[in-house]
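Next come two complexes built around chain A: one with chain B, the other with chain C.
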Partner chain A sequence: MKLIQIAGYLGSGKTTLIIALVKALAESGAKIAVMVNDVGEIPVDGRVMQEYGLTVKDIGGGCICCQVAGSMMKTLEILSREQRPDLVIIEPTGIAVPESIRKTALLTAARTHISIGPTIVLFDTTRAEKLLTYETLQRLVATQLSDADIIALSKVDAAPEETITQAAAAVRGMNPSAEVLRLSVRTGEGISDLSRAVLEMSIPA
Partner chain B sequence: MKIIGQPDISNPAHEGINSYAVSCSLSRKAPMPAEDLRRFAHKLMKTLSAACRAKGAKDIGHIKAYIEHAGGFLTVDIVGDPAAAVVVEGRDGDLAGHFRLVLNAVAFGISKSDLKAATDEALADVISAFALVRVVVEAKTEETLNANKGGP
Partner chain C sequence: MQSIRGRGIPKIKRGKVTIRMTPKERVLQFLQGEKVDRPPIFSGMGNVIKPVLDRFGIVFSKVHRDPELMARAAAGMYREFGFECAVVPFDLGVEAEALGAKMSFYDDVEGLLYPTIKEKSVKSAEDVRMPADLKNSGRVPVVTGAIKALRRELGDEVAIGTYVLGPFTLAGQVKELDELFEESFLEPEKTNLLLERLSDVIIALSRIYREAGADYVTLREMGGTSDVMSPKSFKSLIKPHLVRILAEMPRPSILHICGDTNSIIADMAECGADALSVDQKNCMSETRQKLGPDTLILGNFDPIKVLHKGEAKDVGPAVIASLRGGASAVWPGCDLWPEVPRENMEALMSALKEA
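== the complex of A and B ==
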């Protein structure tokens, strides 16, 4: 059971990507479970995914990187025991810290035999300047990016090329070891690269 | 009506970010064509994001809603700014005389109480503009991801 995180700031396109990515991954025959954590007490993202045919475990009531980390552990254990998926894709809240989630997931390793796949962090190129410069938002976004194994520059179909180039340079500066790629769910750019990475990439615990 | 409070947490990464959610059922005597339901969803996003800004929000993190009715569903969201594009997607069905709305707002730099007020006021305005009636408030939650001490 390999854990994949699709993280990134609010509105960066996580839910939309997961709907597209699961379709692409399904072609590999992998059994996939999706775990969604919404900021709000009343989940929306999980409902949306269900409408598109995905089977989803919703975790509400707070952020799984801190407030409801225990719920995530329990859900992983249930998935491991009852469904035994090949891949567990986690969509944390847009304000979650990916490394905290990874560490929490590893606490279950003895019971779930979980392995760690790539943490994919989305960066919304249509909001690049604000996300890179604005007060405490910048700190949160930088923290998320620094935890990434893959940084996906999202919505590249809607951002000027010059902005995308500048954003790529900025995120590489924050996390030189991460792979940086372009993503547009609308055009399909980057989906096959991410799909391949999800299937092939394993991160040492 | 159910109100659930969230405990404050101390994760500094969440500083200044608050969220508020409402779920309710809405109806209208004259059922709404699919296009009107989309216009309702669009106007709700614009009105709420503008209301958040008017009350001091520095950034609209993400406002999103899910609308469910007998013939289909809509998802709608806006990110970042009241001038940003609203994305409305889903499966239109027949005329909707009754539908369920789940509305979730997350914003940066606005106090919990102001976000709640902005959401309730914007929702009331748009409901009125479309001659809708709130049948029942099924749940209402209020949460603070980190105490926005002293407000924005």
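== the complex of A and C ==
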């Protein structure tokens, strides 16, 4: 059971990407479960994704540091025991710190035999200036990007090329070791690269 | 008796821990900076675990809405394990619900899920109005009912604790988060007004809890963590409101912020709480060095990795390491996840006796 994180600031397109990825990954025959925790939007997102025949687990509310961590571990253990998916895609809340989610998941390793796949962090290019310059957003965005294995520059179909180029340079500066790619769920750009990475990439624990 | 202030954590002598005080005396004297016989083992945040829920046949999703069940569950932590407090509520939605947010309690979900807010109620500061009857808004009467029941049942033995959210965390509960973050940069005066109005509600609620019988109140500003907000934003946007709330809310008070807090710890100390609470991401030795020996610092003990997922044999050493590192008492760094195993909880309670 491999854990894939689709993280990123609020509104960066996480749920839309997950739906697209699940459709793409369906061809591989992989059995997929999705865990969602997007404050205030869980029921809607959950219903949308269930329409694609997925196992969708809500990991509930509470303090992201502990209540959500406990709930997430419990859900992983139940999934491992009862559903045995090949891939678990987790969509944490838009203010979550990916590294904390990864560490929490690893605490279940003894029971779930979980392996860690890539942490994909979305960066919304249509809001690049805000995300990079607003004092109240910079910290969170930088923290999330620095934890990424793959940074997906999302909504590239809707942003000027110049902005995308600048955003790519900025995010590379924040996390030089991450792979940076362009993503547009609308046009399909980047989806096959991401689905390949999801299936093939493993991150040492 | 030894002083437990700051670095003066008592040297824990093997086999020489003497029980001289009631848990209530120990906790309250500790929070008032007075001498106690040993560091208390307690919390100011959510704590109830399955052995207690199971013993009383309490379904987790129901415990949040029934004052008697809530009180029974909180008291159970003392009765079953000797945990030296009784704290209500268990979730983080009471304030938001009192202000009009709609909650999901997950009645139909098998297993444990904390309530979530399914419908937010605030677009701007103008939407935040002090409820005409805050005492009876949302689940406030559930919490006060539970506090009164605990007071009646255990009030002489155990300190009754409660908590309120900090204004920024509460703002994120009642208003869409992305709008909050953007507004706080573009129009900070609007966010300030929102936080000011929420602070009024928080202060009023903390006083209602005190009136009901709470002995101490924790102010939980999880959204203020440096993982999310820069120290500069914390200082300019959040800190002034924390200072006002802590000046006006009942004492003793504890200010809790989770996550990376080392870069804001000096500002936290200036907010005026009687004690500070941090989680395991805080480098406690650095914090102690920065704040000196006289500040009460709680936490830095991992409730997930150690208490929930760790083995019982590892709990005691972690407790001692936390105290030796500079923590002033035994206090999990966040809520207890309800599936903390019985043996780990017992190990927590015997950690000081076996040290």
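As a working rule, the second predicted complex is superposed on the first by the 193 of 205 C-alpha atoms of A that agree within 3 Å, B and C clash if a C-alpha of one lies under 4 Å from a C-alpha of the other, contacts with A are read in each partner's own complex, and residues count from 1 in each chain.
The rule is simple: contacts are C-beta pairs under 8 Å (C-beta built on N, C-alpha and C of every residue); 3 or more make two chains touch, one makes a residue touch a chain.
As the structure is a computational prediction, the values presented were derived from the model and not from experiment.
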First (chain B), second (chain C), both or neither touched by A:P92: neither
Partner chain(s) touched by A:G190 [first = chain B, second = chain C, both, neither]: neither
Which of chain B and chain C A:G8 touches, first, second, both or neither: neither
First, second, both or neither for A:S71, with chain B first and chain C second: second
Which superposed partner A:K130 touches (first chain B, second chain C, both, neither): both
Which superposed partner A:T104 touches (first chain B, second chain C, both, neither): second
A:P118 touches, of chain B and chain C: first, second, both or neither? neither
Residues of chain A contacting chain B in one complex and chain C in the other: 9-11, 39-40, 42, 61-63, 65-67, 94-95, 97, 130, 134-137, 139-140, 143
Chain C residues touching chain A - in the complex, by the definition given at the top: 46, 91-93, 104, 106, 109, 111-120, 172, 176-178, 181-182, 184-186, 220, 222-223, 226-230, 232-233, 237, 258-259, 279, 303-305, 308-309, 333-339
Touching residues (chain side chain B, partner chain A) in the complex: 4, 6-7, 9-11, 13-17, 19-23, 58-59, 61-62, 64-66, 68, 73, 75, 77, 79-80, 90-91, 102, 104-106, 108-109, 139, 141-143, 145
Chain B contact footprint on chain A (complex, rising order): 9-11, 38-42, 44-45, 47-48, 51, 61-63, 65-67, 94-95, 97, 124, 126-127, 130, 134-137, 139-140, 143
Parts of chain A lying in touch with chain C, wherever the complex brings them together: 9-11, 39-40, 42-43, 58-71, 73-74, 78, 94-95, 97, 100, 104, 107-108, 130, 134-140, 143
